[in-house]
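One chain, subunit A, links the two complexes that follow: it is found with subunit B in the first and with subunit C in the second.
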Partner chain A sequence: MKPSGWGELAIAAFLVFLAVFVPFVTNGYWLSIAVTTMMYVALATSWALFSGPTHYISLATGAFFGIGGYLVGSMMSDYQLPFWVPLVVAPLVAAGLAFLIGIATLRLSGVYFVIFTLGLAEMIRNLISWIQNNFLGSRGLYVLTDLRDHHLYWMLLGVAAAVFLLGWVVNRSRLGFALRIIGNDETVARHVGINTAWAKVILFTTTGFFAALVGAIIAPRWSYIEPNQVFSPQLSFLVVIMALLGGAGRLWGPLVGVIPFTIIWEWVNVQFPNQSTLFLGLAFLLIVYVLPNGMVGRIEQLHARMGRGRS
Partner chain B sequence: MLDIIVSGLLLSGTYALVAMGLNLQYGVARIMNLANGEVLVLGALAAFWLYTTAQISPLLTVILVIPVAFIGNWLIYRFLLTPLVRRSKSQGQLEVDSILATFGISFVLIGIMVSIEGGFFAYKYLSEPISILGSTTSLNRFIAFLIACAIGIGLYLWLNKTRSGVAVRAVAVSTEASGLVGINVPRISAFAFALGGAITAVGGALISTFITLDASIGVVFTLKALIIVIMGGVGDIRGAIVAACILGLVETAVATLIDPGLTLAAAYLIFILILLFRPQGLFGRAST
Partner chain C sequence: MSNRPILSVNGVTKRFGGLVAVSDMSFDVGNHEMVGVIGPNGSGKTTMMNLISGALKPTSGRISMKGRRLSDLPAQKIAREGVGRTFQLVRLLPTLSVLENVMAGAVFGHRRRWGRDAEDFAHEMLERVGLDAMSHAPVSSLTYINQKRVELARVLAGEPKVLLLDEWLAGLNPTELETGIDLIHALRDEGRTVVLVEHVMDAIRSLCDRCVVMSSGAKIAEGTPDDVLSDREVIRAYLGDDDA
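Take a look at the complex of A and B:
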């Protein structure tokens, strides 16, 4: 990347600093929007860490997120463990699962990977419902904590900042360079001696880790956990749309997409609850046909054109 | 045990048909169509809607659905997917673009279907018991199986015995080489995509006679069809039929012996075994 990487980091640190104060200036409805937004910022940015450079579209976010939420519910309700235990365990479980999925599918072409992740959340949900009904007894899973929206917001902000920092480090490392080569041409990458499978597996594992962490943090918001609710396939698609809308090619691209999309999505869900799926489809088509490189890509294109006009 | 084999095989008939449709779209037109399941559900919705509002037999709908789905899919290919084929610089780029575009199409279709019928597409048609090889099953399953077989055999003969079928298979092997020998590749691709969509919709109309669907179930069928296509090997009809039988039997066995909620998990188990041991398909040769 450019040597201006340190400047980027400074701007990011400043934005995080400003974001810390959001709960002090607002509460109620807008704070809850802020929590949702921060959740998607963390999810979409960590999604783009893997899918941005490699162009492998992962739809596993909902599955990992669900593992986070479900483990919080199960461990707190069934085993009376304190909140921080699942908070540590869930991301590790999800990372382990992501690692196994990565090893099985990422050696092959990207299509197999997409197909595999497509039904993953649904499959895990079926499996967990079955285990719960047959072996654990179908009890309700309650998550009762003293955490309020602003606590969740700060925790999610911390996760988002960590994802950013990680992305920044990866971008400047040999691994980031390797991933960009893989994204441009996988055959070339193999020929210059990059272990393409490993690079992809490592990054995918990271994405799984963060998605489960976010799922675990947000769990106290619901107070009652049901597999049907936490393993939502729609979440995976929302994350893909937000990241691509902003532009997955840049670290801060997803951020640009998440903020407007979350607000519009909330509005659509309230005003036209029956048309939300249709809206999701139109958003996908908009990205493919109008914004193939996201809003960031479009801005950079305009910027370049203006630069040429001046000289 | 016999019950499992009979109903598993009957189920795999329609699965094979749907997988053939997807095979034409992915193998020939090279579009990874993730809206495939929604086209299937659309066929099912047509059968349900015409039967409940106008008492039109689902078997007649099967015929009615063919031209409608063919034209609909042709339009989708021509106006939504051709621009992507033109702008893509590589096969990988086209794959990503077509995956995202067909996601969009699938959600739009779900949105439209929900506004037509939000609940289950439940209706009763020919659900009388019949006895096959000593095992009792319902007549609608058997008829759906027979129709699926008839269409499948017709498709197989067309691909292997006619001039236009050869052209389609040539495009499946290589777009560049078939262009060189004078085949109109864009036209054949559009035709294969449209035909694949029509076959899928027919499969949906048939399935709806014995399984109750709803507007958002499409993705499950997309997944099953994809697993069959990958297991059988892309472009391999014989492989798809064997793979469909395996999936149908395993699913039925899991549903009757363990729990009906685990059929998707069973499909995933097959999928992961294929990816680990035979990613080139059951009958495919290992590529370098």
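Take a look at the complex of A and C:
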């Protein structure tokens, strides 16, 4: 609704253009970090599409992401289907599941919703592990493709760009305005005529779709897939932390958080592999106490203060 | 009542477990009429408002507007049918600007305006309540009466056929009260259909065509403000047996 919207889009397009060239200037270690970063950019931005305006904190990212990775493994390993089949199917399955979960749970508010999504992700992980071990034979799932890191990077960049474009369109639409009103006061939202349940379900479904798509794209990187690995609850928390670090209130907020956090996280994992969870907890505390509105919120605050100083 | 009712409440009861908050209420509201719902604290007035706006579902009975049944619909559908309300404790959208708060009413109301159209209309409504100069202020900077004005502008932006004002004048100081009463008077002069819950008796006398008096969830009187306010049972409900 702001006139500056087109400028934002132009900057984003330019950044995407620059990002396309990353695999040409680097390879090996830094390219693999770039792949991880791009994965989290797509995940955190799509997470914030729903959770940013509505303040419904979802910890189900890991579940949808896992569906993507697991279906790639299962379809390629057990059914010898080409990679593109699960790439199309997995996001649709996850979207369908997110839709059903949304209808069932978005009546829950606040902490109940958070706990439910966490429990749900764990349930899906255990259920699929159990099915895999008892019925499909406990053999591993191999994902063997010709895709290299730079292919994955470009695919993830494409997804991230699509998420941005979608977020930009939603922000300027009635739906985006409705979500901001819902985040402020759901009772008022209903009384001005907003179908709050639909607005939330649509966005939650979108988030599930993209998380599974990212999970499917990244699967070839692992070669060998097991449910406990792809349905990682840590991933759900990482996505939330990165989005909050950047600031979930703005479309480009998560991006600002993901880049530094991924690099620091890589470093911590290498230096202190056994203490990484501790670091995660500390990061979470710091963000909540020091940057409640994220880095973007802090930047805007400073900007406003400078503006006042000048006038 | 001089014309066909636009809003009808028929035998509406609301129970919360064993507590009957509203019991077998019936009344009509005519087109362009201003009807007051009054009664002592805890008599079920706000519950009645919540039942009309869809915040609560009646346990039994029927609420309809122009013959269309409202009481089965969710709140957002009732709003789109043309019932707008303010809240007893003013509810604004704190992270949105004043203008956006009002646009919320225009965008999702039954006319569903968007873009420039919604913005212009929101400005018009803010001007209508005397607040257009503050349209880009954050809502946290507003005084209480100005918050109430924003809420009223938001409701008006939805172009409601029936306006529900739940103690819109409560909590205002004497000067603000005068401004507030003038504002509602102006709504009346525009020929709007309004149901208002109110405690300020002066306002009721000067604003309402008719009053419905509630006590312990039930209707105990109905008529012109002067008639009901001198009714023995109404006085007893307000003041107790000894004074009647």
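In this text, the second predicted complex is superposed on the first by the 310 of 311 C-alpha atoms of A that agree within 3 Å, B and C clash if a C-alpha of one lies under 4 Å from a C-alpha of the other, contacts with A are read in each partner's own complex, and residues count from 1 in each chain.
FYI, a residue touches a chain if its C-beta (ideal position, glycine included) is under 8 Å from a C-beta of that chain, and two chains touch if they have at least 3 such contacts.
This structure is a prediction, so every number in the text was calculated from the model and none was measured.
Determine, for the superposed model, which of the two partners subunit B and subunit C contacts more residues of subunit A.
B
After lining up the shared chain so the two structures overlap, which partner does A:78 touch, if you call subunit B first and subunit C second: first, second, both or neither?
neither
I'd like to know which partner A:289 touches here: subunit B for first, subunit C for second, both or neither.
In the superposed model, A:289 contacts subunit B only, not subunit C.
After the superposition on A, what does A:196 contact: first (subunit B), second (subunit C), both or neither?
The second partner, subunit C, only.
Quick one: which bits of subunit A touch subunit B in the complex? Just the residue numbers, please.
55, 57, 104-105, 108, 110-112, 114-116, 118-120, 122-123, 126-127, 129-130, 134, 186, 233, 237, 240, 244, 274-285, 287-289, 292
For subunit C, which residues are in contact with subunit A within the complex?
It comes out as residues 53-55, 74-77, 79-80, 84-85, 87, 91-96, 100, 103-105, 107-110, 114-115, 154, 158.
Spell out the part of subunit A that touches subunit C in their complex, as residue ranges.
1, 174, 177-178, 180-181, 183-185, 187-196
In their shared complex, at which residues does subunit B touch subunit A?
32, 34, 80, 83-84, 92-93, 95-97, 99-101, 103-112, 114-115, 118, 216, 219-220, 222-223, 226-227, 230, 259, 261-262, 264-265, 267-268, 271-272, 275-276, 279
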